[in-house]
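The following pair of complexes shares a single chain, subunit A, combined with subunit B in the former and subunit C in the latter.
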Partner chain A sequence: MNAATSSDAAPAAAWRAEVDASCAYPVVAFFVSAVFWLLFGTVLALLASIKMHTPGFLSGAEWLTFGRVRPVHLNTMIYGWGSMAGVGTLLWLQARLSRVRLPLQLPLVVGCALWDLGVAGGSIAILTGHGTSVEWLEFPYGWSFLFAGIFVVVMAASLMMFSARRVGHVYVSQWYLFGAVLWFPFLYVMANALIHGALARGVVQAATNWWFAHNVLGLWFTPIGLATVYYLLPKVLGRPIHSYYLSLLGFWTLALFYNWAGTHHLVGGPLPAWLITVGIVGSVMMFIPVTTVAVNHHMTMKGHFALLKVSPTLRFIVLGAMSYTVVSFQGSLQSLRTVNEVTHFTHYTIAHAHLGVYGFFTMVMFGAIYYIAPRLTGREWSSPRLIKIHFWGTALGMAVYWIGLTWGGILQGLAMDNPDVAFLDVVRHTMPYLWSRTFAGVLMAVGHVAFAILVWRMFTLKGRRLPEPASAPVVAMAGGAQ
Partner chain B sequence: MNPIYAVVWGVVALFGVTAVYGLVWAIRSGQMRDFGRGALSIFDDEEPVGMVTDAFPGGQTADGETGDRS
Partner chain C sequence: MNRAVFLYVGVLLTVLLSFTGLVSIPEKQLGGLQPLVDADGTQYPVPPTGMVAEGRGVYIADGCIYCHSQQVRPEGFGDDIERGWGTRRTVARDHIYDSPPLLGTMRTGPDLANIAVRQPSENWHLLHLYNPRITSPGSNMPAFPFLFRKVPVEVQVPHDALSFPPGWEVPGYSVVPSRRAKALVAYLKSLDHSHPVPEVPQ
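The block that comes next holds the complex of A and B.
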């Protein structure tokens, strides 16, 4: 094992500097790749959104048709942006919390390059008409072996750090990180084996598909996102989490309930009623972990909201944590058959999915990168103005997106349930909401470009040098702990 | 029988055993005791409770103000 432990006697700043330095190349590689895929996925998102209200837009080329552009957007955001930002954050967090140097640095950098190759190859395959049409698993089967292999390296690095840890106590974030690194490879391999291995066919394939797709958010992005919030929120504020007991209760109840929820995507479908009911029960039980997280985050922030003006990291992770609460309660209610009758097959579902992956997870990852990157490079972010453009572009964009499609989706659902309304009239009535989606996408794109400029300047060392190698801007806050 | 069934059930068993083992280990090793100390484990002498550890570049606030925010 090359997870060299830093000396017990070393001052805290010194071991932090050592740990951060060991993370530099792999974590920067994952972050830079993630931001590239974020920009690429944003372009495809805008194309897909415009095609929803202007179907003739760029329709001359078959590789730019909606049926190809949309899955490439989804897969580049899930496997490119989200997963790569998540892995970078996961590695840094695990090293920090275990207080050991990051092992397997070269295999991780090589793994990152191969991951990029996989996302690029899978995207080209979809664009050239070789996608699988299995939602969230559209990359051709062969690429899954590559991703599975890289997951093994990430899992090995995480377990090596844990086994060499210098801290006896396992902080709550580490439980969530463990969940992510153990659950997601299992999910990914099982879903690929069952669906592409031809064991799951017909309605069983649909059930497997949604078990997987729902759990990409629940057992991969959610644990990484919550691990990040549970570390950065108290760390930035300088005050411990409100109730540590609740945080652990939240983890174990999430572990117990989330895995069951996927079949709520198939309410009304030709599956055994008990199978869908199990999914609904699992979804409603998620009120328990979500409430623990919501109470904990709010009570930890209480009395300290003024710090949102001080810390870019805090802005993004607080917005992300609030979105988590909203999207989770919304998801539990949405799984109920009476609600689902209206919202199923409408834009409401798209708004909900984006509030989860973007409003929650992406916002938390933005916050994490704002915190981690200066500690890896020893440089400050180059422009407060660009940070503000990034925040307001993405926050307002997400708000417009969610409000527009949620409201439009409800109206769409009610109209579709009314046999007196012609289907094409329903489509026409959704037009203003689809335009609001494109407008929201432009706002988010502006934010992403600002972020990409900042990240480029950060990793080309254009920012002002920080006084201490391991210390990003630190503000002494008298009375910060209350 | 298709060999993939063996892989599927093998991984299901491994996953379940790992989760149960994790919970049992956590209880036996005292991870579920002394929650107050657990919450403080991310702080130390150089980044103690009471220290805010993130700020806009130059220590500015979002409004462009600088200086002591204690």
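The block that comes next holds the complex of A and C.
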């Protein structure tokens, strides 16, 4: 604890407890579902990874073929784990920051259950051969109506809280949450209509596809992730964010530029050159928001790195924030034509995507759940050892994953761009790196199982009662965020 | 005008802007592309129909796109053309009947935009799909044995049974491609972007 603990701690603790109580059912529902899909997606990830180096593994059944398991992995991680953890966090953050009780609790719980059904149904559809082969939109068209419908409820709840907010000042996290909750439904509905509804033709569908898919990261996961970091970092440290103006600059430049980056997935493809160039420019301009956010976070953390040892929340979100910086710079660079010429179509891209969705977003969501869940149940996390296993399993796993496939991808790209290397030799060169991914996947899986056990015990109230429901060991009260 | 309104408007404008730039304008520019009609009346490209369309469905259902692209990069950018994956770069017109376009983003396997030109043998494709290790030692492409039926040889040897190279026969059985396997091969044998187009000067 430090001096920042304010004198009006008692009433503040009271309204926080009230807000937290109003969130309990919906947010727990979203978190539990998210962790279920995390485990499910992990199993599919391992299957897909093993199949890449050992193609005979479980190859007799059509529903388990690589080309089905892989999209189910992606979609359960994106729409199951990531989005559901994101929505749970978003709802809680918005309630806390607006200082109002969470509205629409029953519709949200029902929505969560339907969302689960949607992810399950969509996954079964892909496994039974009804996937669409449109990356990030593999669930058949029909399912998109369900998700869009549920999203209306999430959007409504979030906007209701925002407009009923009892604080005049709009905190930086709220801008991001506000953006996320308006951007994603628009992206999702438009992309489905244009591609699955065939309102666009031919390669324009591909442009739409990457406008969408890149923005799932850029305008959905990234704003939720950054909102979380902007909220939790000052909370855990007990000091305000370094600079309000940097936050402002970071938000609006992200809103302006991230949007445009998607077509860098089509460099060299059959699209007008200007369209690709725009994507590259958008990607390079991302240097601005990323640098501002990195500087802002670093200056806030400065002098407090020792706290990483005691706070699991801090450890996960700081690792996540650092990954955000690295993955974004990497993304800007790899959109450049000379780099892209080598890395496009290789495992390098896969490593990059995982650094974003996993190294950044997933890590931040882990941190968020570590922070939020005790406040919903009034219990402590039951085992520091399991937390340690979770952290090191996922952190090392991610490191091995990224290093292996980044390096392997570069070698693969260089070999592929050299016509003297036979294609089967390119395949042979990548083998060790494909194995390294499976090894990384096992490490991550161990971490996920440890986390799932912790979450299970948390929500079945197995942990010790917290002495004071609204505060945890390394949490101070004030510090910019409400 | 308070800050919330500013947020609303700003947030919506940014995404509308990129939608217009990356989706609407390209649709204006490319949405009206027409096929080419040669002097002899043949059209390029043609919409997939019959077995080809069915095979395209198998390609989608079994996720070939996660390892194969269908786009040749321009000369001087990568070595797609030197590798023999095509004689010219792929253009938007090649894909006007492709919904969704199966351009792909991954090349664990070779580009397939012109596989019909490169590999015309039906038996090669069937053997390769049945087990890629038969034709391509060291390949990590999955086998698709479920697209085939095994028939005991005592019953009959069907006319369309696969002819295996020595050592790969399945003792006691002949292996027969299902309709879906044949459709998939029909689709692969339709993938040919070699027709000249005005977009790429020869």
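By definition in this document, the second predicted complex is superposed on the first by the 463 of 482 C-alpha atoms of A that agree within 3 Å, B and C clash if a C-alpha of one lies under 4 Å from a C-alpha of the other, contacts with A are read in each partner's own complex, and residues count from 1 in each chain.
Here is the rule we use: contacts are C-beta pairs under 8 Å (C-beta built on N, C-alpha and C of every residue); 3 or more make two chains touch, one makes a residue touch a chain.
Please read all numbers here as calculations on a predicted model, not as lab measurements.
Q: Label the relationship between subunit B and subunit C on subunit A in the superposed model as either fit or clash.
A: clash
Q: Should A:204 be classified as contacting the first partner (subunit B), the second (subunit C), both, or neither?
A: second
Q: Which partner does A:345 contact after superposing on A: first (subunit B), second (subunit C), both, neither?
A: After superposition on chain A, A:345 lies in contact with subunit C alone.
Q: Determine, under the contact definition given at the top, whether A:307 touches first (subunit B), second (subunit C), both, or neither.
A: first
Q: Give one of first, second, both or neither to describe whether A:255 is in contact with subunit B, with subunit C, with both, or with none.
A: Both subunit B and subunit C are touched by A:255.
Q: Could you say whether A:464 touches subunit B, subunit C, both of them, or neither, answering first, second, both or neither?
A: Only subunit B is touched by A:464; subunit C is not.
Q: According to the stated criteria, A:70 is in contact with first (subunit B), second (subunit C), both, or neither; which is it?
A: second
Q: Have a look at where A:113 lands relative to subunit B and subunit C in the superposition and call it first, second, both or neither.
A: After superposing on A, A:113 lies clear of both subunit B and subunit C.
Q: Contacts for A:239 in the overlay, against subunit B (first) and subunit C (second): which applies, first, second, both or neither?
A: Only subunit B; A:239 stays clear of subunit C.
Q: Which partner chains sit in contact with A:371 here, subunit B, subunit C, both or neither? Use first/second/both/neither.
A: Touch status of A:371: first partner only.
Q: Across the two complexes, find the residues of subunit A that touch subunit B and also touch subunit C.
A: Common to the two interfaces on subunit A: residues 170, 178, 182-183, 186, 190, 194, 252, 255.
Q: Help me check something: in the complex, which residues belonging to subunit A touch subunit B?
A: Where subunit A meets subunit B, its residues are 11-13, 16, 97, 167, 169-172, 178, 182-183, 186, 189-190, 193-194, 197, 199, 231, 234-241, 243-245, 248, 252, 255, 307-315, 370-371, 380-384, 387-388, 463-464, 472-481.
Q: Would you mind writing out the residues of subunit A in touch with subunit C in their complex?
A: For this pair, the touching residues of subunit A are 51-53, 55-56, 59-62, 65-68, 70-71, 129-135, 162-163, 170, 175, 178-179, 182-183, 186-187, 190, 194-195, 198, 200-209, 211, 215, 219, 252, 255-256, 259-260, 262-263, 265-266, 268-272, 275, 278-279, 282, 337, 341, 344-346, 349-350, 416-419, 423-424, 427-428, 430-431, 434.
Q: Give the list of subunit B residues in touch with subunit A in this complex.
A: The contact residues of subunit B facing subunit A are 2, 4-5, 7-8, 11, 15, 18-19, 22-23, 26, 31-32, 35-64, 68-70.
Q: Which residues of subunit C touch subunit A in the complex?
A: Subunit C reaches subunit A through residues 3-4, 7-8, 10-12, 14-15, 17-19, 21-23, 26-27, 29-31, 33, 59-67, 69, 71, 73-74, 77-79, 82-83, 89-92, 94-110, 132, 136-147.
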